[in-house]
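One chain, chain A, appears in both complexes that follow, with chain B as partner in the first and chain C in the second.
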Partner chain A sequence: MTASSTKRNKAARIAGYIWRRHGGTLLALAAIALFLGAWELVAVGLKKEYMLPRFSAVCVAFGRLWGTPSFYRDTFATLLRAICGFAIAFFAGAAMGVAGGVFSKFRAFCKPLVAFFRAAPTMGLTLVIMVWLRAKYTPVCIGFLMVFPVIYTTVADSIATAPRDLLQMAKVYRMPLSKQIRYIYVPHAVPMMFSACSTAFALNIKATVSAEILAHTVGSIGVHMTNAAADLLDGTAMLFAWLLVAVLLSVLAECLLKLIERLCLRRYGNAIV
Partner chain B sequence: MRLSDLGFAYGDKVIFDHLHLTLEEGAITAVLGDSGVGKTTLLHLLAGIVPPDYGRIDKRNVGYMFQEPRLLPTLDVLHNLLAVPSIDEAGAKRWLEAVGLGDSLKLLPHQLSGGMAQRVSMARAFAAECDLLLMDEPFRGLDLSLQAKLHEVFAALWREANTTTVMVTHDVDEAVALAGRVLVLRGSPASVVYDGTVADKEVARAAVRAALTSPVPILR
Partner chain C sequence: MKKVIVVLVALFVCLAVCMGAFACNNAATRPQQTQDPVDKDSSQSADQDPVGAKETYTVFAPDGAPSLALAKMMKDNAAVAGHAMDYRIIGAANVAASMINGDADFIIAPTNAGVMQSINTDNYYMLGVTSWGNLYIVTTNDGYEALADNATTADAAAFLAQFAAKSISSIGNNQVPDNSLKYLLGLQNVDCTVADGVDAATIQADLIAGSVDCALLGEPAATATKALLAKNGVTNYRILGSLSAVWQSLTGLAYPQAGIFVKKSVAADQAFIAAFESTLAASIDYFNASAANAEELGNYMQSREDNSLKGAIVKQCYLRTAQSYRSASAAKEDVKRLVGVLVPRLADGNYDGVFYQAQ
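Right, the complex of A and B next:
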């Protein structure tokens, strides 16, 4: 075997290792690069900044955002509204989900209400809520209405589908309810809840920003988007930059949830996957 | 222990209708019968998992070895036993030692082999200090050498505990090897078509096989 073929084999092995370990990440990066490349090409070809700004212009606008004090204040305010809506929906959904999972009659009673909030258009609900609440509370309420059905359904389903064989075993050995909750219901519900929270928080950010746009909530990502859209000369790049901020918030929240999930699962090995 | 005038149905399907049964204290009774005849239902009734539609069953502290080990997935071997209120740490360790798992206390259920998990289930059933042990084909699906080993472990533990035991099985050899008395349930609703003690294993084996395969239920 020659020295060059040994080198080639080693390089192939390293490439194979990288592909096996990071193939998914590499493909995702390739997709982003392809998308941005296509964007840049179309923007250059179109030559209409107000319709589709170049990606480089969006990056400049995004960079400019970081230099303005209102960026931090208003992004934080939007995030706080989203977190408030999520937290209230989480606790209310979990409490009612427990009742729905335990009492099938209660679940039947709640079914039409939950189905209504699942199906109702976000914009329509926002318009209704705007009549009842002040602009700064409307996004919180809309976030709540988007997240609540997801959490409620997940908790109720996780209780209704708790492993019957383990519950039978617990009944035979007269295990107290506190232990049944801790060792049977919670481990069964945790993976479902993380998945639901991840979906719900992304939905929540979208709904909160949409409600801010419609309600003209002062000091919010939504109102900055409205203002940027009104500025035909320089606004579109800024609009895309704010859109990027909203997406980043969603991605960061998902990463945070994934991290918490990983820490929780590490506690149990692979037992509850 | 008595089951008097017992009746139970799943919807329209009557499983037991006025069934009478007496279980001998401190003995192993094996229950055999066709699939779906109500063997597991009988165990569920004895364990109080389902109540009878009518009739009476003496209430007991029950230990149960299910077909699958049914261990709590997030707890290690030792804490799976300690999750049962009637088991203390010393008792748990003693019974785990007795089933040969003294050095596996910290393992989680997904780290155990099928045989090890079933031994944990066995230790849990004995450590619960029950006065009625129910077994629902706990050795089914294990390879023959492992089955034989678990039979040995079970027999040794049972001699020490001497608990009244009802064992459901499809395996005539297993029933004759472990039990002192064999019942065969057949028909719908189920009735006892064979009830015999195991004095001579060969004779008992032949009689149970005949009861299981006979087209016309025979009552002895």
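Right, the complex of A and C next:
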């Protein structure tokens, strides 16, 4: 075997290793690059900055944002509202979900309420809630209404579908309830919960920002989007920049949840013998 | 297991701190003020105090031209008769909500909406009119004639007649701009299609694309559109005429587009109300005094980041925003005529109790 063929083989092995370990990430990066490239081409061809600004212009606007004090203050304020809405919905949804999973009658009672929250148009609810609450609390409420049905349904389903054979075994061996919860219910529910939380938080951020736009919540990403949208002359790139901020918030939250999920599953994966 | 619990506990503690910070911290969500309001809760209803005196009064204005009436007062964070004032810009969709839940001690609102909510809630008086029409018909078609200055009834009729069998794209679907234009066209039996343009940004895009060549826009959007169209190669954009001028020529009455409303409990202090009116009139006079003043206030509003105004645009169109203060009792007939057109169930004008009257 010659030296060059040895080198080629080694390169092929390294490439194969990278592809096996990080193929998914590479494909995702390639998709992003393709999307951005297509965006830039279309924007250059369209020549209508007020409709579709160039990606480079959006990057410049995004960079300018980091230099403004209101960016940090208002982004944090939006994130805080999203977290508040999510947290309240999580605790309420989990508590009612447990009740719904254990008591089928309670679940039947809550069914119309959950269906209403799930089906009611978000913008319509925002207009109503704006009258009941102040503009700064409306996004929190809308976030709650978006997340609550997801968490409630997930918790109730996970309890209702807990492995029957394990529960029977726990009954036979007179396992205390605390241990049943720790070793049967929680490991069964955790993967479903994380998946639901990941989806719900992304929806929550979307709904929170949308509510901020309609309610004109001062000191928020939504208001900045409204002001940018009103200015077609210079504002479209800034609007896209704020969109990017909202998307990044969502992505960061999802990454954080994935990290916590990995830690939990690594532990709970050994919980059931 | 310990690591998981530690991570979860840390997360919940962070959440709890965040929720606590959010609940306690109002400052992060307020625009900058030159001085803080005094400690008493500004949203506390004056109804709780039998004399109606509060240390801080809330003054709301919707985003856009109507807020320019308060711009000088906002910039100076002007106190009135020794009372601190908390000035806030709200969304147009929040005006009714603010009056219904009584958040605003003073609020600038579209005249029709303000009068309706004053009647519905029985909690507000109309104090005065601040805006006399900032709506303009604009075009990219060289075939239309502009409305003459000091137009007579015949001039206004001829102006509208040129839109027969044409289409005008209007902002404010089924709201003040749209309904006012339809009324005037109907008054002259002009068969013109008023297409719903949704909002100024959509109309601007349509003007650039050429799918629309005539529209009704409000200032400062009408002025901002010129630069936008020029940037996109459309150079024959013109402002043809003011809707309020046409209204005045055809009805003999002025067009009181927006006014200031005050909570009844606050209005009990007549000396305070007189001082507020005086300060408001002075604020408007300062705005109208020169382009430099208008630009100064426009730049201030732009710096607040809670509204869409731009100093450079306000400088160009400040007179066309038609800011001027007249007390409600003096403008009663004008208000009743406009409200009667926009809110048919109030056409009888039987709501004199809505208008503030100094004793």
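Here is the rule we go by: the second predicted complex is superposed on the first by the 267 of 273 C-alpha atoms of A that agree within 3 Å, B and C clash if a C-alpha of one lies under 4 Å from a C-alpha of the other, contacts with A are read in each partner's own complex, and residues count from 1 in each chain.
As a convention for this text, contacts are C-beta pairs under 8 Å (C-beta built on N, C-alpha and C of every residue); 3 or more make two chains touch, one makes a residue touch a chain.
All values derive from a computational prediction rather than experimental measurement.
Of the two partner chains placed by superposition, A:244 touches none, neither chain B nor chain C. In the overlay built on the shared chain, the residue A:218 is in contact with chain C alone; chain B does not reach it.
Touch criterion met: A:233 reaches chain C, while chain B stays clear of it. After overlaying the two complexes on the shared chain, residue contacts for A:51 are found with chain C alone; chain B is out of touch. In the superposition on chain A, contact of A:92 is made with neither chain B nor chain C. More residues of chain A lie in touch with C than with the remaining chain of the pair chain B and chain C. In the superposition on chain A, A:187 contacts chain B only, with no contact to chain C.
Counting contacts as defined above, chain A residues 268 meet chain B in one complex and chain C in the other. Against chain A, the residues of chain B that register as touching in their complex are 47-49, 62-64, 66, 68, 70, 72-75, 83-86, 108-111, 124, 128. Within the complex formed with chain B, the chain A residues making contact are 165-166, 168-169, 171-176, 179, 183-184, 187, 268-272. Those residues of chain A lying in contact with chain C across their complex are 48-51, 70, 73, 76-77, 80-81, 83-84, 87, 127, 130-132, 134-136, 214-220, 223-224, 226-227, 229-233, 260, 263-264, 267-268.
Per the touch definition, chain C reaches chain A in the complex via residues 1, 3-4, 7-8, 11, 15, 18-19, 21-22, 28-31, 43, 63, 88-94, 96-97, 100-101, 103, 200-201, 204-205, 208, 221, 224, 227-228, 231-232, 305-308, 310.
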